[in-house]
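What follows is a group of structures, each given as structure tokens.
In what follows, chain A forms one complex with chain B and a second complex with chain C.
== the complex of A and B ==
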């Protein structure tokens, strides 16, 4: 492994062992990550995509030294994540999504001051660095307010500022836009994109396909603890080559109807997304077979909205990859 | 402004370590100690312990076990325990509550410095409470303290508070392993009330309790403070102060060891709900 890589993961595995029950304790074992290998180049914006429980966060926690791998090895900026933890920690920043992870009783400024101490930012540089970052994330003027009064978007921006305090070479972003409104999410994407443009290596995990598509140079799709596909967004789209997508807006589609659709000739995948009372039914089929008529026949008697046929997107490719796992 | 990657910060030593202990410790105190709101601070840390002191002083008068000085001075030193024991527990336990523990553990800096620094504001807080309680209770109950004894008393209370803060941090370290560490802290405060000889003269306690008390904070500081308030010089109190300091150093080392062990264990077993 050379020094051209910011991150090198080689056969990473992590098994969680636990015990349940008092009277008759039973040992449990979950293989969260099962042999993950990939490399991330310096300055690259790399996406790790996968459904809940796929092993994304466990992988990040092994790379950022919070967890020891059960087997395999990893290096960040050439430093071993098991043996050279302090060296790794000097070089990385970690940002995760959600409301937690900040001291609510302190102001945004004091949060940054404290973490500047913890992350070893030289005292004479702290003031300038914090001011720069507040400007970067758009919190200038609000920094003296207590964090408990911040909106989720403001908290998320403060998380990012905190993660950048010590100018890390590698930034781990673990679902940073989760629960953030669309406007704030767009701001976040812009910030992340700016970071990558300045040479910071970013490893981003996300559920949001559009986010990954817009930001990432390369994407690894992880499911069931293993990498199922890895490539540029354009390369990943090929996983849905030869397919056609039919989307149907419907109300009250029973499970039996969805099962029936899966059995139609030419249908490869079905997915249903709840949008309040509305359900969006997505059916992937072989491109050379027109399944729209069959679908509508199966849904006869169900109240339908718009019906749309289109080319596959990255999201469709992702669904195809994950379902094939 | 385009913040880009720079060379990683060099290892920090000396003054910067001191800064992490002091500046970092004070910010962490403000972030994690819930009881700094005036109503809680006054009610829980000042008024409550004062009434406890009065209770034992009047009980002592009634039962004629010991004089006012025994109860007032001993209990005044003991009042530091609330801020120190619960403060130490909050210093780690609230990290779980706020979900910040992972970010603290990702710091490249020494855990020992980060966490031992957190004990200092609690010791200061404990000292303040002890001084206020001693002053107010002495005025209320008519205890005269020789002016010459004041510096020594302050020293006794400071050493006792510091030892107690490290004891609290030791309990807080258990919070890295056990989620319900509050149970342990509550029991610990009750044990300090019983075993430090503050309210029950050690001669009246079973031998094993006296032995346990020798290894707890406050025991020796309270005894030193009583001697000083009784007019003995600092030289008479020095051996007890030395023992109290040793107890404090012992707990500081134990806290640092436990923090190290539990952090290492958490990386191996994923036992710590870090984020």
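== the complex of A and C ==
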């Protein structure tokens, strides 16, 4: 492996060991990551996509030195994540989604000052860097307010400013848009895209397909602790080649009807998404078999809304990859 | 780094309504306990010693629960991972937290003395006022360093609160904060001798009553330095263990 890569993961594995009970202790083992290998080029925006519990966060935490791998190796900017921990930490930033990770009872400015000191930003540069980042994330004027009064979006933006204080070469973003409203999420995507454009390597984990599709140069789909597919968004879309998607809006679809749909000839996958009272039923089938008539027959007697037949998207390819795992 | 870190953690701790309430109530309770214990023992002339000892108990509680609680709180609020991820030696990251708890504990000492004066009329007369101030500072530093040694355990264990709870009363007793260690069983002697709290409490008592302050201050400082060295080594080891055991985060 050469130094053209910002991140190199080779056969990373991580097993969590635990113990439950006092009188009769029982040991538990969970293999969260099972041999993950990939490389990320310098300045690349790389996405790690997968369902809950797939091993995304564990992978990111092994790469950013928060967890030791059970086996395998990884390098960030050419530095070993186990042996050269401090060198790696100097070069990386880590931002995760959600409400946690900040000192709520302090102001945004106090948070940034403390982390600037902690992350070794030279004292004479701190003021300028903090002002620059507050401007970048749109928090100028709100920096003296306590973080506990910030909205989810503002906290997330402060997180990003915190992660960028020491101008890291590699930025790890672990589900940064989780729980953020659509407008804030769009601003967040623009910030991430701008960072990548200025040469920062970004490793992004997300649930949101549209986000990965819009931002990432390449995406690795991870499920069950292993990488199931890796490529550009256009390449990943090929995993759904030869398929056709039928979407049906329905109200009160019983489980038996969904099972019956799965048994129809030509049907590859079915998924149901609850949207309040409405259910969106998505059926993937072989493109050369028209299953729409069969689907509507199986749903006879159920109140239906719009029915739509379309080409597969990246999301459909993702569902196909994950379900095949 | 140390100064800004300490200031940050003092701010974070002092903005907690829960901790402010505890800080207001506990010194009154401790002053009351000390005064009534000594009155019952017909030793009214030693009330000032009782008040100082009670104040020291407050500093110890602050350090113990502050260090343990602060690290546990950081784990809950997701900041423990963020601070341990800094490219610094673990000791430089954790020391400001334990020094901050020692500083907030100073308030407990002062408040206990103040309540003792206001509620019970204890005359705050110290034989060596200057030595008392020096001994108090050394004592608080020592407790901060001792907290650092304990902090390594708190970083490693997710349920560190259980350990903190079991340590509170034994250290009060064994260090002679409230009762002289001479009245305790002989086997507690060696334990007391290695605790910085014992020497800190002795230095404060000597400064109050007029005994030799400086030997106790010296031993207290020496043990503090040892706590700093061992705490630093232990934290480096524990940080690696915590990365292996995945205990920096809540889950």
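Keep in mind that, in the parts below, the second predicted complex is superposed on the first by the 325 of 325 C-alpha atoms of A that agree within 3 Å, B and C clash if a C-alpha of one lies under 4 Å from a C-alpha of the other, contacts with A are read in each partner's own complex, and residues count from 1 in each chain.
Assume a contact is a pair of C-beta atoms (placed from the backbone, for glycine too) under 8 Å apart; a residue touches a chain by one contact, two chains touch by 3 or more.
Predicted model, so just to flag it, every value in this text is computed and none were measured.
Student: Based on the superposed arrangement around chain A, label chain B with chain C as either clash or fit.
Tutor: clash
Student: Please indicate which partner A:122 is in contact with in the superposed arrangement: first for chain B, second for chain C, both, or neither.
Tutor: first
Student: Which partner chains sit in contact with A:271 here, chain B, chain C, both or neither? Use first/second/both/neither.
Tutor: So A:271 meets neither chain B nor chain C here.
Student: Looking at chain A, which partner touches more of its residues: chain C or chain B?
Tutor: If we count touched residues of chain A for both partners, the winner is B.
Student: Just chain B (first), just chain C (second), both, or neither: which does A:104 touch?
Tutor: both
Student: Scan A:135 for contacts with chain B and chain C and give back first, second, both or neither.
Tutor: first
Student: Just checking: does A:167 make contact with chain B only, chain C only, both, or neither of them? Give me first, second, both or neither.
Tutor: In the superposition, A:167 contacts chain B only.
Student: Just chain B (first), just chain C (second), both, or neither: which does A:178 touch?
Tutor: neither
Student: For chain A, give the residues common to its interface with chain B and its interface with chain C.
Tutor: 16, 64-68, 86-87, 89-90, 94, 96, 98, 100-106, 110, 113-115, 117-120, 162
Student: Please name which positions on chain A make contact with chain C in the complex.
Tutor: Residues of chain A touching chain C: 16, 64-68, 86-87, 89-90, 94, 96, 98, 100-106, 110, 113-115, 117-120, 146, 162.
Student: Please name which positions on chain C make contact with chain A in the complex.
Tutor: 1, 4-5, 8, 11-12, 15-16, 77-79, 81-88, 93, 240, 243-244, 246, 248-249
Student: Which residues of chain B touch chain A in their complex?
Tutor: Counting only chain B, the residues touching chain A are 1-6, 8-9, 12, 16, 19-20, 23-24, 27-28, 30-32, 34, 98-100, 102-109, 114, 267-270, 274-275.
Student: What residues of chain A sit close enough to touch chain B in their complex?
Tutor: Contacts found on chain A: 14, 16-17, 61, 64-68, 86-87, 89-92, 94, 96, 98, 100-106, 110-111, 113-115, 117-123, 132-133, 135-136, 162, 164, 166-169, 194-195, 197-201.
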